[in-house]
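You will see subunit A twice below: alongside subunit B first, and alongside subunit C after that.
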Partner chain A sequence: MSQLFPMKQVLGFVFSILLTTVALAVYFLDMSFAAGMTILLVTAFIQAGLQLVVFMHAGETKDKGAIYTNVFYGLIIALVTVFGTLLAMIWDM
Partner chain B sequence: MDFFDRFAVPHPSLAIYASMAAIGLTVIAVFAGLTYFKKWGYLWREWLTTVDHKRIGIMYLLSALLMLFRGGVDAIMMRAQLAVPENTLLDAQHYNEIFTTHGIVMILFMAMPFIMFFMNFVVPLQIGARDVAFPRLNALSFWLFFMGAMLFNISFVVGGSPDAGWTSYFPLAGTEFSKSVGSNYYMIAIQIAGIGTLMTGINFITTILKMRAPGMTLMKMPMFTWSALIANVIIVFAFPVLAVLLAMGTLDRQIGTHFFTMDNGGMDMLWANIFWVWGHPEVYILILPAFGIYSEVISTFARRNLYGYKSMVGSMVLISLLSFFVWLHHFFTMGQGALTNSIFSITTMAIAVPTGVKIFNWLLTLRKGKIVFTTPMLYSMLFIPLFTLGGVTGVMLGMSAADYQYHNTMFLVAHFHNVIIPGVVYAMLAGLHYYWPKMFGFMLNEKIGKWTAWLLSIGFVLAFMPMYISGLDGQARRMYTYSEAAGFGAMNMISFVGAAIMAIGFVLIVYNIYYSTRYETRDISNDPWDARTLEWSTHTPVPEYNFAILPEVRSNEALWDAKKNGHVLFKGEYEKIHMPNNSGIPFIMSCIFFVWGFSFIFSLWIPVILTTIGIFICMALRSFEQDHGRYISVKEIEETETNLRGA
Partner chain C sequence: MKIDNSLPLEYSTEENSLKILGFWIFLGAEIMLFATLFATYFTLENRTGSGPTGAEIFQITPVLFETILLLTSSFTVGLGIHAMRIGNKKAMISFFSITLLLGLAFLGVEIFEFVTYVHEGASIQTSAFTAALLTTLGTHGAHVTLGFFWGLFIILQIKKRGLTPQTTNKAFIFSLYWHFLDVVWIFIFSFIYLKGMM
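And now, the complex of A and B:
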């Protein structure tokens, strides 16, 4: 049965719909900019991770070490670039 | 006539008309020569359509040498203009154009292809592979780079050169202050070349990770291959930033967006910020393969294994990560707070640590070595003290508070030339002498080579040390002249003399190539330097399949094992070898890219649309093509091997 029914993918799909709903709620509910932005960022990162692992099969082959190293390396550089830019151009001007 | 007015140079002079005539005559001479000697077919079959990594490497080398002289002429003109106060050799506009093109040509169209040459020629041989992972993509990379470079180089005779500095900071480079098409050339030509570089990055990461000889684990790769791997990782992470940045710049200049404008919500410093997010890693893309070459050369000619292999690798990985964390030090004086500046000061100085580790490893490799002073080794030995000097002034510039004194002065100019010339250019020249016999089957003359190395170094010291002093005295960079009362005259005169000596050095390199081609013996072994790595284990000249039998490896010095410890590199029988077919598509597609770029620069939208369709047709042709390559039979391999062994 477990071979016929892709439990992981179905649960992943439900969870990703849930994340989308939460993100969408920011638009309809009345909340501060900071709170809204936090919810959007958190759901976005979880969503991205979910897509990579569940639907793009990041951890299912023997080169998963290389894939995760690559993702984390890119993530670190992206975060440093974005926050460094924000710091220099806006927060600390 | 209005239509043709746009192609006129906005600021003509006798020198530009002379260049136009010279370019025209050269093109006619090349075409006439090819027709007269009936070489069109040869050119097309052997070079324009080739997918062989060695030939592509040699084409990179030729382009790099050509661009070295183009950038060098710019440099001499600048130094001549500044040699005496209130000189009128060049006017302000020409001076602006020349320092702009000098920077771009030297970094993107000289140093980058030189690196690409080494990666193309050496890496597959060093890891015991028969070609790169995607040979046709490799050809496309080269031709895109080449067309980008040519597009950039016609700017000064068609429409005007970019004149906003090699960094092309907005708002200066925006349409408000740079009305000519010069900055469009910058955006489009570098974009085309940059796409090629990004493809190279992907290609070489795949090659190095997937195509190593049996037994060569990651920690048994030769050091140059490691440095190429790390440099390509940086390329893949940094070059998309450049692509996006140039696209935004193009939109600002030609479509009317407001990313970098001062009004309508633009951020005027955002260009500088994103530019250096790419620009600083770019520095390490250049220097890491150079370090790799020094590692090979120093361990070969110290006759010792490289000291601290693991720490060499570790420091390169650390540099690759840190290189993305320091970009803000290029604009400490922008006006951000002390906190930001302090953070980036610390990350900047942190890079000095892994770099220092590498310097000490080279010194310790030399210790107790039996040092042989060949030309490549001489360049490497001159590199260590001169580069360290540049590194130390880099730490000085890295102190954000002190940087307010040095920023945009000749001190900065002296610093980055002091790291790039001994760091990158010397490595390129060392590598050129080192790999020349493998490429062409004869050595470059050692005596002329050593004269060149010393002349370049003397010229270098004379040209750039005075800039430190005049910079501290307040001479700003990019100033086209200065008054006599400023007192910069003597220092700049010394600089000019140094630059002239360097020019003689570079001419000597060409003379050396000419002299050695005529007089040096062809009777050399496959391993004339008594080297340690796999590229020297195959024949000279290298057969198109590189290795008749793929080598087996058990350390990072496979050939040394074979020579000294009885390790058998080539086991087994000949088998037929699968090789890729040549293809004209990369060349044709790049030519279409050239027309696309030219039309885009001049906002000729109909040709832009047509060429865009052409580019997609080329990609579709590739997608639907059935090309399974070809096989070299065992008989052919035997014939080739016998011929090469007999020679």
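And now, the complex of A and C:
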């Protein structure tokens, strides 16, 4: 039975729950917008990385380089899209 | 077909490895798709017109349920892949079934949430904010719905054909998709719900 629950994945799950709980602090505690956003950005990106490495086995085979390059490419385009839009439409720069 | 036994079954042929890499490239495109939805949402989130604001309609309880359900389902599909790698077909099918049930429960809560929004006067046509919100949530929900049926067919095929290089490859690619849906949810949870309720 215990071999069905590898330590790495169980710890990954526990850590995900922990990060979700930390993120919930912005709802239950009173804090400034900047502090809240900082917490959310940190917990969200750590949790996404955790999924990628622990659960999706991104770095397991010889295609590791291609997989990470592709994910970072997608991520860069995503960040440029989101922050570019914010710059032009919301922050008026 | 050259089978490399030093690798897990789902990677064991050249074709299998390429299919997994190809799916990662698809996921890269999905990251960009959701980025455009988030960009639209952040632009329009304060354009509520005469409709309700996020702070008025978001409720922490269903959101927490959805988060826990999807997070746990991502864990169980990971356990399913682990069971598959040690050749335990029965355990794998059980973990995949639990995953799909959790996915179904997630969809149930999300549908309940959408019905509540519409009752509170926040339908997709109410304001720029509700249009962007429901399009973003709906695109994610549609992905989960597709994933449910995809997973169902994977289970049926594994039941019928057993753990072969083909079926394990399909199951592994499905697991990548399912984990990805959880990753997208983390961002929805953080930057739509929690940010909106802060």
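FYI, the second predicted complex is superposed on the first by the 87 of 93 C-alpha atoms of A that agree within 3 Å, B and C clash if a C-alpha of one lies under 4 Å from a C-alpha of the other, contacts with A are read in each partner's own complex, and residues count from 1 in each chain.
As a working rule, a contact is a pair of C-beta atoms (placed from the backbone, for glycine too) under 8 Å apart; a residue touches a chain by one contact, two chains touch by 3 or more.
Just so it is clear, the model here is predicted, and its values are computed rather than measured.
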- Query: Is A:Val71 contacted by the first partner subunit B, the second partner subunit C, both or neither?
  - Reply: second
- Query: If you count the residues of subunit A that each partner touches, which comes out higher, subunit B or subunit C?
  - Reply: C
- Message: For A:Thr81, using the defined touch cut-off, is the partner it touches subunit B, subunit C, both, or neither? Pick first, second, both or neither.
- Response: both
- Message: With both complexes superposed on chain A, which partner does A:Thr43 reach: first (subunit B), second (subunit C), both or neither?
- Response: second
- Message: Per the contact definition in the header, classify A:Leu52: touching subunit B only (first), subunit C only (second), both, or neither.
- Response: second
- Query: When the two structures are overlaid on chain A, which partner does A:Met89 contact: first (subunit B), second (subunit C), both, or neither?
  - Reply: both
- For A:Ile17, decide between first (touching subunit B), second (touching subunit C), both and neither. second
- Query: In the superposed view, which residues of subunit A touch subunit B and also subunit C?
  - Reply: 66, 73-74, 77, 81, 84-85, 89
- What residues on subunit A touch subunit B, complex-wise? 66, 73-74, 76-77, 80-81, 84-85, 87-89, 92-93
- Query: In their shared complex, at which residues does subunit A touch subunit C?
  - Reply: 3-6, 9, 12-13, 16-17, 20, 23-24, 26-27, 31, 33, 36-37, 40-41, 43-44, 47-48, 51-52, 54-58, 61-63, 66-67, 70-71, 73-75, 77-79, 81-82, 84-86, 89-90
- Message: Applying the document's contact rule, which stretches of subunit C touch subunit A when the two form their complex?
- Response: 7, 11, 17, 20-21, 24-25, 27-32, 34-36, 38-40, 42-43, 60, 64, 67-68, 71-72, 74-75, 77-79, 81-83, 86, 88, 91, 175-176, 179-180, 182-183, 186-187, 189-191, 194-195, 197-198
- Query: Along subunit B, where are the residues that touch subunit A in the complex?
  - Reply: 209, 233, 237, 241, 267, 269-270, 273-274, 277, 321, 324-325, 327-328, 334-337, 339-340, 343-344
